[in-house]
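The data blocks that follow each hold one structure.
Note that chain A is present in both complexes that follow, paired respectively with chain B and with chain C.
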Partner chain A sequence: MARSMCWHCQSEVTGEYFCERCVKVQPVSKETDYFTCLGFPRRLTLDPKKLEAKFYELSRTFHPDFYQTKSTAEQTISLSNAAVLNTAYRTLRDPIQRAEYLLALETGSVKDIRTSPPADLFEEILELQDTLEEYRASDHGSDQGHRLRAVLQTEQEALERRKVEMESQLRQLFADWDKLQDTGEATSPAKAERNRILKQMRDLLSHRTYINNIVNDLAATIA
Partner chain B sequence: MAYSDKVVDHFNNPRNMGSFKKDEEGVGTGMVGAPECGDVMKLQIKVQNDTIVDAKFKTFGCGSAIASSSLATEWLKGKTIEEAQKIKNTDIVQELNLPPVKIHCSVLAEDAIKAALTDYQQKADTQPIDTK
Partner chain C sequence: MARIVGIDLGTTNSLVAYMKDGQPRIVPDRNGRTMVPSVVALADNGLIVGNSAKEHLTRNPERTVYSVKRFMGKGLADIQNELTYFPYQLTETGGVIRIRLGQKNYSPPQISAMILKELKLRAETYLGESITKAVITVPAYFNDSQRQATKDAGLIAGLEVLRIINEPTAAALAYGLQKNTQGTIAVYDFGGGTFDISILKLKDGIFEVLATNGDTHLGGDDLDRLLVDLFVAEIRDRHEIDNRHYPDHMQAVRLEGERAKIRLSDELKTEITIELPEDKGRFTRELTRDQLESLAISVIERTLTPCRMALKDAGLNPKDIDEVVLVGGSTRMPLVRQLVEALFGKPPHCHLNPDEVVALGAAVQADILSGGTTDMLLLDVTPLSLGIETMGGVMSSLIRRNTTIPASAKEMFTTYVDGQTGVDIHILQGERELVKDNRSLARFRLKVPPLPAGVPRIEVTFLIDANGILNVTATDMRTSQSQSIEVKPSYGLSDMEVEKMIEDSFKFAAEDIGARKLIEARLDAESLIKTTDKSLAEAGHLVAREEADAIRMALSQLSTAKDGTDFRAIRARMAELEQAAKHLNAVMLDDSLKRGLQGKKVSDVS
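Moving on, here comes the complex of A and B:
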């Protein structure tokens, strides 16, 4: 946590969430990212058990019940800290959301490295949606209905396999990222590697979202 | 927040849904997507003598994305290339009364228009000019 001034006694705060001098709870600064907030380094492979333990520990720390007899200022601070903490935990708990969040942190805005739209994938999705429409309009009991359903089912399975493949590629990138962070180098090859990882991660994450949507559509329609 | 009547109307009665053949003469195709929500939008224009004579779209996404692209095709028809360039996402937001969380849908529609226009122009540049 960055050094700042205690809102109450104006002394310098060096502790995590409490002033060492007057022991008042300190607000989470707006600049604090979720990793710092939960006391984790900016890594993509996190131990979910450790994350959960830290979350519970901090949840108790800021729990409104413990602030009932405190000043209004302290009640407000603890409540808003608890809210930030909840969002932080929900974001970091999920590996995909964690990666999305890290990308946003590392690149300012996710849109800054907006990828060129994957034209092939889009064509495929649009074509599949057409088949889906056709199936929805068809008599499900007819031969044509059966045929379309079989086509869609095959497609769904293929897409699900692709999703799994993408997720394993993502995990590899997560590991690459963490390794790069551990070496902590600032050389130009390290920078190039950093950009490669972020770019590929962005691509994979967005392609995964598109595939996820169509898979959900397929599953809902032919279930 | 509920969808505005105009969004619901476009969603229930989408205008100009469908597609042209990509390699047809005078056709420009724009395909864009929102990586955040996974919406996919395809917007096509058919141009004759610098005027958009027809437009079609196909969108897979939320109601606002469908309404935004449906409205965009309506607006595109009859416009010149130059006029079409001027369509802004804010115009769509205003017309459809989109809430703040759905503004990105209108951005997507603007991106799709731009992509279709660019595609048309690129094709026109590489093809021999027969009129003019």
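Moving on, here comes the complex of A and C:
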């Protein structure tokens, strides 16, 4: 946590979450990112057990249950800290959300990861959308209904395989990112590598979300 | 810190518990009973609550309110298709159901407050101290309006509600404390009016709720109704009388159905007897467990879908659940246990008293809040997605269901027209796409400085606190000024109305206490008169005539006092009668002992 002034006694806060002088809880700064909040470096491969342990530890530190006997100001801080902590944990716990969050932190555009179809699948997906419409309009009990359903099922399986493939590519990129961060080089090849990883990651995440949405839609339609 | 009690405010019964020596305990009444029936009746002497009110269900059905929990946070339209089942008169004002009792209308939080007051009094009498703070439980699947209504009820009852906690998670706390379990548990909570399923991970004292689901309108009441419908149809066919025209008889039918249902958890068949109105005699039939189960299965099966949804949201399969814990009276039914076992593939844990475990858990949470228990922490979730209305009547989700609370989301708002001074915001809860299919929680108008379109930037923070209740704040990002927001609840009492009710409740408190003492004195007097009459009839000949006359005199004086309104006078006459009849009772005891010994050998007695 960044050095700041205690809201209560105005002395410089040296402790991590509490003022060492007056022992009051300190608000998590708005600038604190989720990695910092949970005490992890900006890496994409995190040990879920360690993450959970840290989340539990910090919950014991911030949860409003433990501030019931404290002042209103401390209760308010505990409430908002706990809310930030919960959001941080929810975001970092899921590898995809974690990567999207890191991307936003590194490239500065939060909501701009548009979902887009992978170029090579564009034709196929247009065709799939047509089949989907046709199936929705058809009598599900008829021969045509059965045939269309079988087509959609095959498509769903193919897309799911594609999704798994993308996720494995993503994991490779995550490892590349972590390795690059660990070396901490600031050379221009390192910068180029960094930008390559972030760009590829952005494209893959965008495509994966797109595929994921279609798979969910398919699953719901033929369920 | 003053003591905090834990309260289970149930559909059918309510309980209050406290912590002693690290263990939660239920507060009993004078007779050792732990449950207070959640029934409020308007008797001739005023409002009465609990066991004495329950007697009015058949005597005075139009003026006896039960299952009020089903109305919390709701409008009349929400319960339209079950209105015929309730013998009391229901109306609506300001989006809130009102219950007519005599000349006055009461909101559901006011009726609930009477039950809470009864529990408060019970705890105060038992613990010998004033109780002003409480943790109150609600079904996990209660929405924001229903939680707020519960909190309002606490306020009206003169209780500071330090926390609203979910019933299944409360049960998990009590269970975890007792068993010291680690792992993943499912709490299946099937009560009188509501059903909840919660899946929790228990690890090192942390109780993390992974997912919750349920139906706030599914419970034992629904099973009772199936029996009512069956009996009413049979009575009509066999005796050519429609019970539905006789509210008091409808209550008798309902209560007989409920009792039969309870008996059939232990027995395979039972006898139904219902006295009919208009001297039509009585209706009798045998009801078997099989017959009950074939009726009940459709209702009980409705609990399975929420279970599957909760598992899915937690990302788990039934086999991942280490232990299934049963809570709520309805889980005593063997069929419920069978279906639960079939779903999770393991026999459920049912060693805890399903009626008491929720109140016990509430007491544990109360102890955590007062700083007594420090090693346990409950991390609960919000059961329903929270969102706002956007263009085209679509709900845009801000906080997803099963998000750990406290949870917050921020949203930036701006204007579309030059000089626009307000933005209307409609808050919703639910899982559906369209606004109209979700629950409207509240509306408010965001104040915006008159500026060119798109220039204002108002950040609104939606914060769900640890009670699962929404708080909204707004900040003008240009000036960093925060603005207060007056939220108008769609299905709730306004702050002003709650304040008025609190005032009323204090104003009438003194009267209420007087009325209650009078009722109790009358009941006690009645029973004393009855027993003394009996003694006189059986043993009057064993005492002197003057003595018997003196007793009769004291009896008639007590009778007169009982019809008056001075409870002190009643108590005084009771004391006199007890004194006058003391010798008679002693003689009677002697006599019965003597007669009991007749014909017995000395060796049998010594």
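The rule we apply is simple: the second predicted complex is superposed on the first by the 209 of 223 C-alpha atoms of A that agree within 3 Å, B and C clash if a C-alpha of one lies under 4 Å from a C-alpha of the other, contacts with A are read in each partner's own complex, and residues count from 1 in each chain.
Here, a residue touches a chain if its C-beta (ideal position, glycine included) is under 8 Å from a C-beta of that chain, and two chains touch if they have at least 3 such contacts.
Since the model is a prediction, treat every value here as computed from it, not as a measurement.
In the overlay built on the shared chain, the residue A:Thr87 is in contact with chain C alone; chain B does not reach it.
When the shared chain is aligned, chain C comes close enough to touch A:Leu79, but chain B does not.
Of the two partner chains placed by the overlay, neither chain B nor chain C lies in contact with A:Ala192. In the superposition on chain A, A:Val164 makes contact with neither chain B nor chain C.
When the two complexes are overlaid on their common chain A, residue A:Thr69 makes contact with chain C while staying clear of chain B. In the superposed pair of complexes, A:Asn213 makes contact with chain B only, with no contact to chain C. In the superposed pair of complexes, A:Arg60 makes contact with chain C only, with no contact to chain B. By the touch criterion defined above, A:Met5 lies against neither chain B nor chain C after alignment on the C-alpha atoms of chain A. Shared contact residues of chain A, touching chain B in one structure and chain C in the other, are absent. Residue ranges on chain C touching chain A, taken from their complex, read 1, 162-163, 203-204, 206, 208, 365, 368-371, 374, 377-379, 403-408, 463, 465-466.
Interface residues of chain A, counted against chain C in their complex, comprise 56, 59-60, 63-66, 68-69, 79-80, 82-84, 86-87, 89-90. Taken together, the chain A residues at the contact with chain B in this complex read 110, 114-115, 117-119, 122-123, 125-126, 129, 202, 205-206, 209-210, 212-214, 217.
Interface residues of chain B, counted against chain A in their complex, comprise 31-33, 35-40, 42, 58, 60.
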